[in-house]
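Below, each structure is written out as structure tokens.
Shared between the two complexes below is chain A, which pairs with chain B and chain C, respectively.
Moving on, here comes the complex of A and B:
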């Protein structure tokens, strides 16, 4: 179906300043993505999955300016031994990055690998993204596939000794960055992928991850305290038999964050966990949109999202579990909770189930409310000042999501960060 | 042979459940049709048809204008497509919008004058003789002694709607004594224009949605209830809808007004003949609850669901909404949905008054090729408002059953509370069960809980029951039945039996 003219015009305006890289094997995928985009158009406020989040600042032609965030804290994950790959405003920073060499994996930059005629990533780039549009279109991901000039391509063949860490720096107030990463975890291999940093005034990031039988991918992302940045991210993952994918995101401020996660459980006994902890204060809008498809028997999926909101912050959760016919013995779990610390904040949720198999256990829960008065009273009765008591309870609330990170040192680090941030705000 | 016969009985779902579901969804008891001469308006929908319906009902000009405005609006609207239902496009010009038994052109004065075919219809539907007499419109029947074995307090006043017209309303005299107005809406437009003008369209505006707007243009009849301040309606009120004529859409309009401090309980039942062509039913129900008023609205929806291959059946596109306008008002929706081939229905509550309450209890059963997309909206606007949603969906065969609901806490709805529970049970691996809840919380003193498991039945009650030696399933069944009981008991006997059975099924296998 052809798009109505105003939508086509809006799309043309959006992409006018972008140029599609003249590269090798990705070129066909880029053109196909642009064609898809022309069919679905950019997200609008009337689209079903954009009713809680205004897409305007993400789709307008120019990125709204974002002041640089002055920060005296040590960057996230600094204490960890990891392979660092740094992008500043979406541009690869060779000096700040480590050598792209690590035993058990092959890493290349998309910009370099794309000039070749043939590449393993050809079967992945834009492929999972294209599959991810049904039944819900994700135009910002198609936009990314068409125009992202760089990113990393990681093929995991063994068990590397340290995590790969993508660090996104923000140095220009008006930058508009696109990165597209492909991760292929071969059978039995395992990788931990870290992401952190504000990236740009506006950041559009896509990860496509294919996890073969018995493979494991851990993904931990920290979207920091940078107040004015905006981000639209997508993670597309396809899981083979007995493979594992665990993704965790912590979001602390940023005016606009939309994290979409699209997972297909294609092989039996796959395990997919997606979790998120978010602390929003003031002009803050954070949206987690998750779509998990169970297409094979005996798979397990779990979604755990916790949001603490104050001073007019908005938290959104749209989670869906789709159990296809025949995906018997599915175990699907989903919880989304918000803690509203004052009058002005809001929590908007749409936890969906769509089930076509009868021998399944799927459940979802969603709650929203103020801090527990009884618990607060208990702590205060023991001499803990109100502000501190509130923080203790807030941290306990968030802990359930942070616990989803399997690596205890990483989880501990994130908890310590959250604690420091809460304490700092208390002053 | 139905798909259910071939089914292995799975753990947690026993043979009884499968049997009962087949009974409820499989065979349709009301599939016969009454061969009766009808007056039709010409096929299709135009402004002239709208005028004709208005004229046939003897309506004043303001009403005709109201309808025409709705019709103009409807022409610009598009059919909604967001629901999880899939049906062939409806040709709105291939429908009759008005059908009336010829014999009803003049209201009959005695039993002898009533078309025996109409009488037979009610008898077959199981409406008791005493009521049947009155239903048939016999004057003076109201004063007859109650039928043997029927105690006075079990009296139910019935408004029967046959295709497009109200055939008769029982116990009108007795209700009048209490000050309650219960009549067909066409009568109300003539007799109580001030009330109709004030309230009609005030809960479901003319331009609310595609089907409600269509209804506003062409509704032919329906029920009207007004309960004056401080009056507890002395008996249950009920409407019985029957679609009989072929290719006829039924568009009924119900308006219930509960004035300050009043109480009324209202029941609705519906059936239709078994036909290969699908038929359209687009109703609008508006409820207004003023200060301290309480309204219970119960539905047993049993329109013809289509056959096992999914042929025929009623398209049930209904807009039901209650406005809890006054402080401390309360509206309770109870629905048992077993019929219709396609259901699109969301009985909702606007909780405008402070301390007002909305409740929604639903059991939806789909079988064969039925599709149901049903749920509720609880819009909390006033302070200390409370709402509770309990929805049980059971799907079998190749059917699809969706719960779709909205809970919205507005910024000024301080200290409000919502509890939602929706459970689904699938029987067989070719059906679907979906849950699409929308939750919008815009203040922090309100609590919203949404659960899709039964493990969160009140833990204290559960503990109490278990302490006394019940196993968990028994205990949960007892607790859920406990709060459903008062609603189920409010239904007429034959409805209550059916509904109770359904509740038992809906719990089956949901614990564990």
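Moving on, here comes the complex of A and C:
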């Protein structure tokens, strides 16, 4: 079905300033992605999964300017030995990055590998994204596949001694950045992938992850704290037999964040966990849109999202578990909760279950609440001042999401950061 | 030390008077017991003194060492030395008991301009005090009161009191829900803290706790007032004859 003219015009305006890289093997995938985009059009406010989040600033041609954030803290994940790969406003920074060499993995940059004749990533680039438009289109991801000029291609063959850490710096107030990463975890291999930083005034990021039988991918992301930054991210993951994918994101600040996660459990006994903790204050909109498909027997999925909102901040959660026919013994769990620190803030949730198998255990729940006054009084009656007591209860609320991070040191680090960020706000 | 004069309290949300002129003075070094039938206003008195929201003081005063406490925030009252062992301790999952206590101890010290307790000293102290109350390391690690049995919660209240070393301790039905052994532990904990500089207001429904924590003065509360005061023998009288006689006698 052809798009109506206004939608086509909007799309043309959006991509007018973008140029599709003249590279090698990805070029076909790029063309195909653009063709998909021409069929689905950009997201509009009436689209089913865009009712709670206004897409306008993400689809308009120019990125709205975002002031740089004065940050005097130690860099995120600083205490961890990791292989650092730095992108500044979406551009690879060789000087700030480590050598792309680590035992147990092959890492290349998309911009460099794209000219090779044959490449393993050819079977992944744009492939999971293309599969991810059913039942709802994800046009910003197709846009990314078509135009992202760089990113990393990681093939994990063993168990590298340290995480790969993607660091996204933001130095230009008007930058509009696109990165596309492919991660292929071979059978039995294991990787921890870290991401942090604001990346750009507006950031469009895609990760496609293929996890083979018995493989494991841990993903921990801390989205940058620049107040005016915007981000639309997608993670597409496909899991084989007995493989594991765990993804956690912490979002503090940022005027607009849309994180989509599309997971297919394709082999028996796969495990997929997606979790997020967000703290929003004032002009803040954060959206987690998660779609998990159980296509095989005895798989487990968990979604745990916690949002703390105040001064008119908005949190959105749209999460769906789809259990396909035959995916018996599925264990699906989904919880999304918000802690609203005032009456101006709001949490919009759309939890969904769609089940076509009869022997499954799926549960979902969504709650919105304010601070527990009894608990607050109890803490204050022991001498803890109100602000500090509120923070303690806030951290306790977020803890359930942070605990989803398997590595305890990483989880402890995130908790300590959250504690410091909350304390800062208190002044 | 604690001086309550003609205290009248009503609910903030509705026109319901609960305390109707309470007069009570607890001197340093003394243990005062408050007994009374259910609904007589004992917990309300303890909450109002600790600073819980939802109540309105319409008349009267309450001072600690001459300082008005009714105008203070709950945390300021705590730092000034007031402690309430809750009738119903609150469960706070996700906040470690130990972390909570250290934060509380140091917040109070900071408010008083004292040096914070370092973690080694804190650990040493809490281990010793917990042991006396038969609280194991596991309970210290768990969330505050979360999943604790009734008795564990009450012992945890006493542990907090022992760590915070308040000068004015109010215990609201700390004996309820305790078996005899647990009650003895709790009473021991309280008795250990008795000294010349510290006052106690022990609220209880039954006399049996007062066998273990022997009070200097016993007050009977009914209908939002102290209707009778006397020595420990008053508690025995209640035990024998119930409240009805006393309440009738003063009515």
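Just so it is clear, the second predicted complex is superposed on the first by the 427 of 427 C-alpha atoms of A that agree within 3 Å, B and C clash if a C-alpha of one lies under 4 Å from a C-alpha of the other, contacts with A are read in each partner's own complex, and residues count from 1 in each chain.
As a working rule, a contact is a pair of C-beta atoms (placed from the backbone, for glycine too) under 8 Å apart; a residue touches a chain by one contact, two chains touch by 3 or more.
Fair warning: this is a prediction, and the values are worked out from it, not measured in the lab.
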For A:328, is the partner it touches chain B (first), chain C (second), both, or none of the two (neither)? first
Which holds for A:135: it touches chain B only (first), chain C only (second), both, or neither? neither
Chosen between chain B and chain C, the partner touching more chain A residues is B
First (chain B), second (chain C), both or neither touched by A:396: second
Quick check for you: in the superposed arrangement, does A:386 touch first (chain B), second (chain C), both or neither? second
Does chain B (first) or chain C (second) touch A:6, or do both, or does neither? neither
Once the shared chain is lined up, is A:373 touching chain B (first), chain C (second), both, or neither of them? second
Looking at the complex, which residues from chain B come into contact with chain A? 10, 82, 84, 411, 424, 426-453, 456
Which chain A residues qualify as touching chain B in the complex? 48, 325-326, 328, 338, 340-359, 362-370
Chain C partner, complex, touching residues on chain A are 372-375, 377-386, 388-389, 392-393, 395-397, 399-400
Touching chain A in the complex: which residues of chain C? 50-53, 73-75, 77-79, 84, 86, 89-95, 100-101, 103-105, 107-108, 111, 143-144, 160, 164
